[in-house]
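What follows is a set of structures to go through.
First chain A sits with chain B, and in the next complex the same chain sits with chain C.
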Partner chain A sequence: MSPELQMYLAQGIHGLAYGMLLFLVASGLTLIFGMMGILNIAHASFFMLSAYLCVTVLNATGSYWLSLFLAPLGVALLGVLVERFMLRRAQASGLGHIAELLLTLGIALVMAEAIKLTWGTEGLQVMAPRSLAGLVNIGGLEYPIYRLFIIGLSLVVLAVLSLVLYRTRLGTIVRAAVSDPDMVSVLGVNTRRVFMLVFGLGTWMAGVAGVAAAPILTVFPGLADQMGMDAFVVVVVGGFGSLFGALVAALFLGELNAYGIQFIPKLSPVLMFAFMALVLAFKPTGLFGDRE
Partner chain B sequence: MKRHLLWLMAALAVLIVFPFIFGPLQTNLMVRFAIEALFAVSLNLLLSFTGLLSFGHALYFGVGAYGAALILTHLEGIPLVLAVLLSGLAAALVGLLLSPLLVRVRATAFTMLTLAFGQLLYVLCSKFREVTGGEDGIMGWTTPPLRLPGVFSLDVTQPLYIYFFALGLSGLGILAMWYFTKTPMGSVMISIRDNQKRVDYLGYQVVLTKAVIFCLSGFFAGLAGAIYAVFNNLVSVGGVLHIMVSFQPLMAILVGGIGTFFGPILGSGLLLMLEEATQAYPELAQMISGLIFIAVVLFLPGGAISFGARLRGWWQKRAYLRKAREIAA
Partner chain C sequence: MKISKRLLLLGLIAAALVMASLGAHPALAAGAAAGFDPKAVSDMTGFDPTKYENPSGEVVKIGVLAPFSGDAASVGQLYWATSAWVAADINKRGGIMVDGKKKKIALIKGDTMGKPATTKQAVEKLCLQDKVDVLWGTSGSHLTAIIQAEAAKYNKLHLNSHSLSDNLMEGKSFTPYTFQYIWPTYSVGNTLAKYYASRKERKFYILDQDYVFGHELAESFKAGLKQYVPDAQIVGEDYHPLFNKDFAPYLTKVKASGAEVIFTGDWMPDSSNLIKQSRQMGINTPIAGIFLDDINALIAVGPEGSKGMVFASQMLINYQDGIQAKWHEAWKTWPAPYNTALYEWLGSTTGSYVESLYWLLDVMQRAGATAPDKVIKAWEGDEWLGLIGEKLTMRACDHRVVRDTYVTEFVSPNKWYQDCAYLDQLVTIPAEFVTLAPPKDSERCK
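Right after this comes the complex of A and B.
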């Protein structure tokens, strides 16, 4: 393989890994939006909190796998509490979706500051577990195993999520509540509890992404802004509430990012926004969505 | 009506004598208040009167501020008022250019799109250092005096004159927006907030009205930005385009009271007082902003302006209960 081709391939897999990571974050976001009509501005903050929790658990126990289990769980618990004690109240305030956006914005700001106060402002490094640390040879290209692991992990989460959504009774209820929450509620389902569960599930997925991202991105207080913007663009471009749309948009954006940095580094942050504006100009509901 | 006029005259009198009684420190604080209030009211035109939440209003503020800085740096001898008005017009033009996209989206998609445009300009301005000076910004231009040939020539770098310049412009701007809400087009705007589909069916121009509102709101936000530039003699991406600049007027509206015209002005004043009280801890500013967002949404969604009504309601309820108990006993 020529060195040039190797570089293109490496950038391509880089983009794929980032895209899958982005999908993990964005799918939780789009799930919550589709179900409850809430765009959770604090979603990426949960992602960041999980990365920091991963650092703490790792320092305390030394086990990456334990932190992959514990950190998302802790984040999901916080998510459930936020839904139960704050979002419900905001929904009753009579300000409509504006209240939810402003409330979650407030939560995002507070979480960012609380993280700075707890862990400091310096970037923290997380080492990948030894079993995933090395390089693997793909047709002459030396590639880090860990990034391939991220792709695999995202695929597993995606598979489990689709199985639950499309093959279980709970999934049926969730999908029904996405299209018409009032009707489902009338049929005797406790939709409030389902909402709480979905919110917890969405933040859990952000948490998994946070732990997965910790070894490849530096854990620093700007992590949420960086990931959050990208995830919002994915949700908007893919179509609010559409999981498939989120997958397509995340992969496309991952590649756009990877090759954009390669060829036009000065303008690469702009590409994403330009793409979003372009999509909204022709299809305001996003590529695969049917609601605004 | 007469009582209102009396109050207005009294307020005006207080504002006129204010800089002569207090020192330059308080006077400068009032200038910041005037800028913030004008900015918040311009955003409120979108939020409370059109029902659109924008996370990128710093875009217009920034265009106005950079516009003023660039005009005053590169065009020597231009009258100050003209420079400031041109900066506002530049911001209105940006609103006009973006409106074909912005009118198409509503609700959350609108919020995300405005966020994207705001961040877009932030990134562009930080990268293109040749024009904007990047992180360092533009500073050190000589501000021309505010002049009416043959009548007066005032040096607006003096606290006293910048005070009248800022308060005058801001007051006129707020008055113009208040007047706009009372015009027929203002009524269409409010109807769009309440039910866009029905307004469309009734044959009103939804798209055109929205485009006018974006331009108007952009113009006054740009005007606020231009006054900011003249006041600070420094414009930088962090100061005028950062995302927190978009959140500041949002907070003022929320604290003052969403859905009211004058709430944001009250909110701006309250926030400025809070900022002064906590200025010893700048690292906590973001935390405080976050807590304000949470607390107001959860506990006082009507804002400070609703506080009096709430207190009165609570007091009346108590009085009724006492009376009921007396009757029962």
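Right after this comes the complex of A and C.
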């Protein structure tokens, strides 16, 4: 393979890896919105919290794999508690989505300050585990194994999520509860518990993304802002609530970023937003969404 | 009175010994009138930035303008640790002699939150309510410009130890109340360009943050290369957004360009992410810059990953005794958030902050006053020897410092950190090569 071709191939895989990381962050956000109608402003904060928990578990045990298991679990538990004791009350307040928005915004602010108090404000570093460090040869192109791992991890999460939602009884109940919660409730299903589960699942996905991103990014108090905006763009472009839309949008925006930097670097930072504006102008529901 | 030859000889030997011992101190060796005296630093055992308390009574008030909250709060911590150190040290010595009496130092925080509106509010509070004598800060030239204007409005001294923009002391921006201790962007670019004049590397890739400082720095580096390394090639030039996430697409271009050096002005977290991601991608091209000394990032990539990086600074302490030993000993007992490797030694940033404050307070003492007009008069044209014995001259007409600058290549092993490469030999770039000329349009500089 010629060096030039290698460069273009590398950019393609970079786009794929970054796109899949974006999908990991955005999928939880779109899942919660799609299933519960809640725009969780604190979603990126759950992502950031997981990265910090990853640092703590890693420092305590030295095991990245254990942190990949425990940190998202911890974040999901917090998500469940937030849904059970806060969001549910906000929904019962009768103020509609405004209450949810304000509440999740408040949670994001509280989490940011709590993180600073707990872990300090310095940038913390996580390195990829030894088994995922180093490079692999792809047709003459030396490519970092860890970035390929991100692609693989995202695919596994996507597969598990799709299986659960579309091939299990639990998934059927979740989707039914979304369409008509009263009817499902009459059938003896505890819909409250279903929504709690969905919120926990969404925050768990943010948690997985946080641990996946930690070896690439500096873990610092601005991490949520750093990734949150891109995740939001993915959800808007893909269509609020559409998991498939989030996947397509994340992959497209990842490639747009990589090849944008390659060919039109001066414009690359705005390409993502320009594309979002374009999508909204012609299809306000996003590429695959049906809610405005 | 008759003096024997033996007595005369003894006297001469004694005088020579005294001269030699005095000569060991850089300030006196250079014959300068003033300078930092390492022996005068108090016993700082027990000093803890988290427990710093202002003295009572009549004090010299310093308003510390920094982002103490928000995403950049870690920067505020650096300001606090260093200013509290200097204040505690001077207070232990009894204060400084100003306005006819010994006054101790009090620090008052002004939280800029990194935002223009809050910066202005913080300055107004410090000037009008707290009635500070000096404003110290801040990071971000756009914020410093606000402080400068407010300092002039309220007749307050302002020491800028943090913002590098070349334009701050030029044209209408100049005010006699502000002194820019920190080196300007021009000096940064020219320091590294001059450094590479004596090196073999000739292919440079510029990768900077896409805002004023990033572009200014790149321009000064390119101009410096043109002057000092005419056969140098810029093989690529990219500007990425602040707080960039994925550096891989840029690094792939760097690799394809055949660059021998990545030149960057990136600061945290971009600098850390650039270092980390490049090493993960197997790209070990040396990175040259001024914000590469984030110890956490260096430790993350280890000795191999951090080796060969080129770090430039206006001031680098390469000794472990004196103030460095006292700082290090005190640090061992510091609680969070100051118990990290970032604070273990006085580094480029912390050392510079400390130095600038010692100089300010020394000037005040020599002026014998806190009144701005008297301090301004004393500081203009002042020559002072800093923490490493380097000569600093406060140019009278534009209040910028004329000084040598320093470059080092990170090596491993080194005497500082076991887990990463760090500074070793310093290359001094003489002031004549890196000093920004006085502004041509300034009447004061004609």
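Just a few scattered comments:
Methods note: the second predicted complex is superposed on the first by the 285 of 292 C-alpha atoms of A that agree within 3 Å, B and C clash if a C-alpha of one lies under 4 Å from a C-alpha of the other, contacts with A are read in each partner's own complex, and residues count from 1 in each chain.
Note that in this section contacts are C-beta pairs under 8 Å (C-beta built on N, C-alpha and C of every residue); 3 or more make two chains touch, one makes a residue touch a chain.
Worth saying up front: this structure is predicted, and the values here are computed from it rather than measured.
Shared-chain residue A:106: touches chain B; no touch with chain C. In the superposed model, A:18 lies in contact with chain C only, and not with chain B. Look at A:233: by the touch rule set out above, it reaches chain B but stays clear of chain C. Within the superposed three-chain model, A:277 lies in touch with chain B and out of touch with chain C [touch as defined at top]. By the touch criterion defined above, A:269 lies against chain B and chain C together after alignment on the C-alpha atoms of chain A. Applying the stated contact rule after C-alpha superposition, one finds that A:120 touches chain C and leaves chain B untouched.
After overlaying the two complexes on the shared chain, residue contacts for A:95 are found with chain B alone; chain C is out of touch. Residues 116, 266, 269 of chain A lie in contact with chain B in one complex and with chain C in the other. Touching chain A in their complex are the following residues of chain C: 71-74, 76-77, 210, 238-241, 243, 245-246, 248-250, 252-253, 255-256, 268-269, 272-273, 276-277, 280-282, 294, 296-297, 299-301, 336-337, 340, 342.
Contacts from chain A toward chain B in the complex involve residues 33, 39, 86, 89-90, 93-95, 97-99, 101-103, 105-114, 116-117, 229, 232-233, 236, 240, 266-267, 269-270, 273-274, 276-277, 280-281, 284-286, 292. Considering their complex, residues 47, 53, 100-101, 104-109, 111-113, 115-117, 119-120, 123-124, 127, 247, 250, 254, 258, 283-284, 286-287, 289-294, 297-298, 301 of chain B touch chain A. Chain contact summary for the complex, chain A toward chain C: residues 3-4, 7, 10-11, 14-15, 17-18, 116, 120-128, 133-135, 142, 144, 146-147, 215-218, 220-222, 225-227, 230, 257-259, 261-262, 265-266, 269.
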